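In what follows, a single structure is set out as structure tokens and then discussed.
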Amino acid sequence: MQIGSSGAGVAARRRPPAQRTDYRWFRSIELRWNDVDAFGHVNNAQFYEFFDTTVVRFLSESCDVTGPERLSMVVAENGCRFLREVLFTDVLEMGLRVERIGSSSVRYGLAVFANGAVEASAQGHFVHVFIDPARKRPTPMVPQVRAHLSTISLL
Amino acid sequence: MQIGSSGAGVAARRRPPAQRTDYRWFRSIELRWNDVDAFGHVNNAQFYEFFDTTVVRFLSESCDVTGPERLSMVVAENGCRFLREVLFTDVLEMGLRVERIGSSSVRYGLAVFANGAVEASAQGHFVHVFIDPARKRPTPMVPQVRAHLSTISLL
Amino acid sequence: MQIGSSGAGVAARRRPPAQRTDYRWFRSIELRWNDVDAFGHVNNAQFYEFFDTTVVRFLSESCDVTGPERLSMVVAENGCRFLREVLFTDVLEMGLRVERIGSSSVRYGLAVFANGAVEASAQGHFVHVFIDPARKRPTPMVPQVRAHLSTISLL
Amino acid sequence: MQIGSSGAGVAARRRPPAQRTDYRWFRSIELRWNDVDAFGHVNNAQFYEFFDTTVVRFLSESCDVTGPERLSMVVAENGCRFLREVLFTDVLEMGLRVERIGSSSVRYGLAVFANGAVEASAQGHFVHVFIDPARKRPTPMVPQVRAHLSTISLL
């Protein structure tokens, strides 16, 4: 379903959908039966599981995300625009890019592409703040993380 | 954990946290054990389950959301800022308000208040577009819905 | 929906449903919008979130489940029979009992009661093994846990 | 972690773990970041999402599971034994087999294999009852479903 022409006064939705070429790293996401809600399409909250998982999978290519020396980070902010509904039978690919790198934070852009489409079905952003797990305060990201993030930066 | 002072260059986080008095309708949300992720706090994606559930619970006070004549709507956009981490043992209350009503859409504001706090632990927005389920196109909301939404409108 | 008379050859379903009086401790569970799947009822996997949460809530009455000295346990086995479908608008109460206490393990019985019904909509079991978190091996449960579990034991 | 030798008096756990050769159909399952709970391993409830998804993916190879003429079924019963903990970084494969076919029901056996292991990390069962969606009563499964199920039957 295309809802971009709803005239609903939601200016953000008037921007054209993101394109596959706007992203730098891709990974498939497999849908689960209970991702689908009573409306018969993938529920909005599930897209944030896809975002979270995609970001952690990217970080895990170069950094420890689960072991004793793992990275610690919190999500400071995220958001998503839903452009077309996604069904259980759709085959999904996530696109990822880095939109901004600060000293202790990074803003990612993410998009969901269904069935090989060039235009996104959903697109959003996600801000990670790296923290010192003992003090639970923002801490500068380590050089290895910064270097890895830079490989998919827009700039 | 307070992460608002991270200096991370994310301007949105510099706004002061929402207050309880900014919202018009409240409902408790009970945490589940697996809302908590490997970092020991409630995962970001779960907040969107809280948002979705809160909005539907509010609508169900006046409208049919599950029966044969139920409302059909899609989420066009949502987003959340996470201000303080939430733990399994926290007692949560959701605040809801209507920020804008269009002909076929509505923008809600939502916030999570933990343990009776005046300031939000997380705050966000959520845009519903009412649709004609047969044609899957935006359709004007029915008067009963509009009237119910107006009861918690900011304006 | 009553499926107990299906004649499907699944002998286990022929046992009469559990009654409210078969349980020793009760707690409400609030449904979320995306607990419901494409069939319009609460998905089977969600019941295990209810089981897990109910057991941890019970343990947390007397024991630390989230702090630095928290209990460590793993689920060794669980199972559920689904007797009546559960809808988003249903009001649920969980019943809990302890069916067997070993040296390092406990078997719980659980049931879901909808809308004040005497008969269960679903009923199941759940086995916890307490472990030494460093060695990840079963360890005898501490006396405080054993005493707390005994308060809801069938024996 | 191996918990099968816990001596906890849970007889079911003494059976040897299922082997890869005990199953007839395989499909990968990709873990998500919030499948992991506060204990740092995949939460027990998530395994039932894997079971449900695996069964529906198998059925969808031959039958309509999402369209207007889709199959309707309910889960009558399921259960799982957890033999080794599963971590976010594990690569999972699900094994599926049909253990019994009745007139309107089918019992599946399922197992989770991690990182190419021959022995299961978790194994369980899952009973589907096919229903008439209008009357919500058990109904004989259609021949196409029966034939498809028979391709992975143990008998």
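Read from first to last, the chains carry the letters A, B, C and D; within each, the first residue is number 1.
The definition used in the following text is that a residue touches a chain if its C-beta (ideal position, glycine included) is under 8 Å from a C-beta of that chain, and two chains touch if they have at least 3 such contacts.
These numbers were taken from a predicted model, which means no experiment stands behind them.
Student: Does A-C or C-D have more contacting C-beta pairs?
Tutor: C-D
Student: What's the call on subunit B versus subunit C, same or different interface residues, using the half cut on shared numbers?
Tutor: Looking at both copies, the contact residues mostly coincide.
Student: So how far apart, in whole Å, are subunit C and subunit D when each is placed at the average of its C-alpha atoms?
Tutor: One centre to the other, that is 20 Å.
Student: Just how far, in Å, is the C-alpha centre of subunit C from the one of subunit B?
Tutor: 29
Student: Cα centroid separation between subunit A and subunit C, in whole Å?
Tutor: 34
Student: Residues touching two or more other chains, restricted to subunit C: which are they?
Tutor: Residues 33-34, 38, 40, 43, 45-46, 49, 52, 66, 88 of subunit C each touch two or more of the other chains.
Student: For the complex, which residues does subunit D have touching subunit A?
Tutor: So the residues of subunit D in touch with subunit A come to 28-34, 40, 49-50, 52-53, 56, 60, 65-66, 87-89.
Student: With touch defined as at the start, can you tell me which subunit A residues reach subunit C in the complex?
Tutor: 33-34, 36-38, 40, 43, 45-46, 88
Student: Which stretch or stretches of subunit D touch subunit C in the complex?
Tutor: 1, 3, 6-10, 12-13, 38-39, 41, 43-46, 48-49, 51-52, 66, 72, 74-82, 85, 100, 102-105, 107, 124, 127, 129, 131, 136-138
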